[in-house]
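Okay, so subunit A shows up in both of these, paired with subunit B first and subunit C after.
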Partner chain A sequence: MSKPSVAVHKFSSCDGCQLAFLNAGEDLLTLSGLVDIRHFLEAGLADEEAEVDIAFVEGSISTADEAERIRKVRAKSRLLVTLGACATSGGLQALRNLDESNEDWKQAIYARPEFIRTLAHAEPVRAHVRVDFELWGCPVNGRQVLAAVRQLLFGVNPLDERDKVCMECKRQNVVCVMVAHDKPCMGPVTRTGCGALCPRFGRDCYACFGPAEQANTSALAQRLEGLGLPPADVARRFLFINSQAPAFHAEGLKHYQPGFANGDRQ
Partner chain B sequence: MTERTVSIHVPAMTRVEGEGSLRLRIEAGRIEELALDIFEPPRYFEKFLEGRQYSEVLDIVARICGICPIAYQMTAVQALENAMGIEPAPWVRAMRRVFYCGEWLQSHALHIHLLALPDFLGFDSVVGMAAEHPEAVRRGLRLQGLGNDLIRLLGGRSVHPVGACVGGFYYAPTQAEVDAMLTALREALPQAESLIGWIASLPMPEDAQDFINVALRHPVDYPLAEGRIVTDTGLDIEVSAYEAHFVEEHRPQSTALFSLLDGQPYLVGPLARLNLNLDRLPKATRALLDATGIRFPSRNMFHSLLARTVEIHVAIIEAIRLLEAYVRPDTPHVAVQPRAGVGFGATEAPRGILWHRFEVDDAGIVRAARIVPPTSQNQARIEEDLHRSLLAFGLDQTDDALRLRAETVIRNYDPCISCATHFLDMTVRREPRM
Partner chain C sequence: MQHANFLLRSDLQQMLNIISGDGFRVLGPRLRDGAIFYEDLRAVDELPGGWGDVQSPGRYRLEHQESPRYFAWANGPQALKPHLFRPRESLWRVNREDGGELAFSEPAMPDAPLAIIGVRACDLAALELQDRHFLGSIPDPYYAARREGLLIVAVHCTHPADTCFCASTGDGPRAERGFDLALSELDEGYLVEVGSERGERIARRLPLQASSEAQRQLAAAEIEGAAARQTRRLPEGNLRDTLFARLDHARWDEVAARCLSCGNCTSVCPTCFCHAEQDVPALDATSSEHVRQWDSCFTEGHSYIHGIVIRAETGQRYRQWMTHKLGSWHDQYGRSGCVGCGRCLTWCPVGIDLTEEAQAICAPLKDEAEDKTGDAIEEGKV
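And now, the complex of A and B:
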């Protein structure tokens, strides 16, 4: 039996999620023995047209070229797995969607905006093609990705960790930074996967792994207001790395007034 | 003699908005067109930083680059503290340097082994290379892993670490964590030494070029998280004076900006740093470099690879030195009182000087941000180098050899071409000479 084939594709992103593979050390060499890595530019393998069993996709879709390319990737892949926040929820760059800022920002940054061709919105892969599994996180971590690869190779669906960061804090005996220190922690609505890194370091979670299962965002927003956060600050907590994830988007917009992204204080 | 049209595509550079392509057209034995075009979709970081509070900035700028998030965090923190008049404590400055050493180790080891060496040893990828050079690849991956561990010590995770804040760090490692790290660092030192010897022994193309070196300079140490900006043409300026000398321009076909120094291309990165800071090397590192028999300052761009190995050694030596003096503080950061101001920051990212300017209001909200990454500073130099290197190499070389040489020249700068470039799509048209 031939080895399963894998591709890693990059769209609009920072490359940090691909590092889950490139930082894997010895495991990277083991992986290359288990699967046939056909396309992974950063690792030096280029065969974009190859038909593969599993395609990992990093990055959001933010240009017309990317919208076309993701359709080709979908057509060539048996399973398509998103790798991280950009591919799964649009990522940080999707903040431009909030105020339809694409044109203004392009004009502000580039002396020759006519050279820049971007879509108005940066979107998750799911907005363009069917996605089989989503790996959340900004960034995803190596353990999560290699576990998903293992599970897919065994022919089972990857375990989707949807628990809240709060659960992880309890498992690790981490003192609650919200209860003990009044920090505006997003842990109650954020899925775990990071290992409760921020609370372990004494800081509030900033929701880089996206919404947890059944996230009670309005109760948390009320609590944040109770801690003294003005509406703009509450909005910014939800409208950050995963601003396009529906649960965060809906809650964030309740407190949001257009313009904060452009520097206008409310 | 043949005529050729050569177009080379280098997809997807990061933050410099890095999907790029190289266009090369050779006609009648002459290079008629040569440009490195960058077209990775822009993500507009400078704009969505506006309106965000200072306390959110480090988590935002990290996301510009997954390979060098600490460079972005350490440059932004310097600019924000400069803007708000905050003086970091000596412990904080020492730990920022340690943190940054982790990134140099990780990034340089990754570049050398996963991106650059396959060119010099004749492989497509590290996977093929590992079959024939298993020990060398393992050593490289271990050094990369050590860098990641060092980042985790202070940052919790190696990509987009969460430990740094304006004023210091959220968390100070325990003495036991530091001791374990020290043991690992000391064990790795011989590996870094042997890496320098091995890389120095590899045959490199001989090609002396003229270029302006630009790097930070620190009063005592090898430059990393702070310093003045200096050149080998006599410029020696405060970080805040950067904009008076270095100008970015926007070219067609590109989503990145090109930087020039008084209208000239210039070099930032490991080779420029080493050329300008030989006297700041730790003694042990200097002795190893001298023992290679390769003379620095060097005009051979391919010595960048050796410079990276030297900096891996520097990073380990410096991390050991600073962690041996480690004392866990009562609080790892000072309280921040926001105040309005404009601040500047410059640090030595693995790929060269990274420069930031931040303007904040009296509530600590970012009003304006400007970020100049190393790759846009090197871009004009890369094109200049490609031009000279291909001419020196010989335009009548085979298509494959020309393509490989062009790829090698580009990769040698370790541009944040995320997908690094083992993918150059070159089409060659041959037409009879007129």
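And now, the complex of A and C:
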């Protein structure tokens, strides 16, 4: 029996999530024994047209070329799994969606903006094609990625970890940075998966794993206001890495002031 | 004639030495990241000398004062629970051998029994409840292994927090039972009470002196004062029938609007015992670990059965937590599941107060209340 085939595709992203594979150490060797990796540019394997059992997709859909390419990837993949915040919810670059500010950014950043062809919005993969499973995080957690691979190889749905970060903080005996230190922590609305990485180092969670299930964003927003955050900062807490995740998008817009994405703090 | 029961502050280290010399791993209150936790303790100067805690719903702060006392605080986010019922642990492991057969193995159990210093009355009451759950008709071997031989040195609480209500649940501030030794802390030292034969064997080796009448009176007065200073309380009596008669109370939705459903209250609750189990297979599928970790009635997984989440809404989850904790615990364990430690108030990021919610839900219903208002008007009280 031939080994299941895998591809890792990159769209608009920083490449950081692909490191979940490349930094896996011994597990990468194990993985290469279990599957046939057909396409993974960052690892030097190029066969974009290969038909595969599992395609991992990093990055958001940000250009017309990408919109076309993701449809081909979908057509050639039995299962499609998004890899990280960009592919799952648009990522940081989707902040340009907020003010319809794509054109402004292009003019501000590029020496020859006339050569830049981007779509007005950076969008999650789900907005373009059917997605079988989503891995959240900026970046993803290597443990979650490999666990998902293992479960897919078993032929079962990967475990979707949707609990709040708070559950993980308590399991790790971390002191609550909000209760004990007044930090504007997003943990109570953010899905676990990171291992409570930031609170373990005394930092407030900034929601890079996206919304948890039953995320009471309005109650948390009210608490953030109680900690003294002005509306623009409350908006930034929700409209950051996962601004296109519906729960964060809706709450963020309640506090949002136009001009935010251009750095105009008014 | 009072027998010798006073230990000088400067001799407290001897107690630690005796206990660790008897083969115990000694844990005691220590400062970490702005809170007090029970962690490995070797020397008395590792204790939180002069530190106190200021707590209110959704807020916890340590404050330092010029005081020689080591136990002038109420409690931290956790006490005994994580040391006996581990937040995450492997229950068993399975390996596929070369021949294809499966070999199961259990994790190694701790070799040294635990001794925990500075335990509060509320947490002793919680320990008794965890025992009823984990050591009941089907004992949990993992909990039992850590519980066996556990030695407890209690310290009566003299510094309750604003969030404490142990006096109203009848669980403190004096530690009444379940300890080997119990201490009353005074500025110059400790009054030592013996609670078990093991405690007696430790006490016999301590350089105890006779206590004075004044010391005994002060110690008693400080504990009484700690009860008197508590302002919060749960409604009295068994709330089971009242709570289950009010499953449609409007307050459930009202609290759900504030509740983050984050599970902090249940995680810090010293009596909550819910957990989830899952298998964690190695990538090469030649081995797998069966892991248990803390769960909460505030997660969707808690009420998931095949294809459906029973309590999808936060209001249903809050109702589950309160009706179980204050209601059906009476049927399961013979008493309420709340020991009045106040942790669920303090460590709730949005400061939801269990006592306030219980008062609201158990208050006389509208028609009853109107009757009473009517009476009050007649009596000229309104």
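By our rule, the second predicted complex is superposed on the first by the 265 of 266 C-alpha atoms of A that agree within 3 Å, B and C clash if a C-alpha of one lies under 4 Å from a C-alpha of the other, contacts with A are read in each partner's own complex, and residues count from 1 in each chain.
As a convention for this text, a contact is a pair of C-beta atoms (placed from the backbone, for glycine too) under 8 Å apart; a residue touches a chain by one contact, two chains touch by 3 or more.
Computed from a predicted model, the values in this text were never measured in an experiment.
When the two complexes are overlaid, the chain among subunit B and subunit C that reaches more residues of subunit A is B. In the superposition on chain A, contact of A:56 is made with neither subunit B nor subunit C. Contact with both subunit B and subunit C is seen for A:202 once the two complexes are overlaid on the shared chain. In the superposition on chain A, contact is made by A:241 with subunit B only, not with subunit C.
Contacts of A:256 after superposition: neither subunit B nor subunit C is touched. By the document's definition of touching, of the two partners only subunit C reaches A:181; subunit B does not.
When the two complexes are overlaid on their common chain A, residue A:146 makes contact with subunit C while staying clear of subunit B. Contacts of A:21 after superposition: neither subunit B nor subunit C is touched.
Contacts of subunit A with subunit B, set against its contacts with subunit C after fitting on chain A, overlap at residues 202.
Across the complex, subunit A meets subunit C through its residues 27, 30-31, 33-34, 146-147, 149-150, 153-154, 159, 162-164, 166-167, 170-176, 178-181, 185, 187-189, 202, 213-214, 216, 218-220, 222-223. Contact residues of subunit B toward subunit A in the complex are 11-12, 14-15, 40-44, 46-48, 50-53, 56, 59-60, 63-67, 69, 106, 110, 114-115, 118, 123-127, 130, 137-138, 141-142, 144-145, 148, 156-160, 162-163, 165, 170-171, 249-255, 257, 361, 363, 365-368, 416, 418-423.
Listing the residues of subunit C that touch subunit A in their complex gives 32-35, 37, 58-61, 77-78, 82, 87-88, 257-264, 267-268, 278, 280-285, 293-296, 299-301, 312-314, 346-350. Note for the complex: subunit A touches subunit B at residues 10-20, 22-23, 25-26, 28-29, 32, 37, 41-46, 62-63, 66, 91-93, 95-96, 101-102, 104-106, 108-112, 115-116, 118, 122, 138-139, 141, 194, 197-198, 200-203, 206, 208, 233, 236, 240-241, 259-265.
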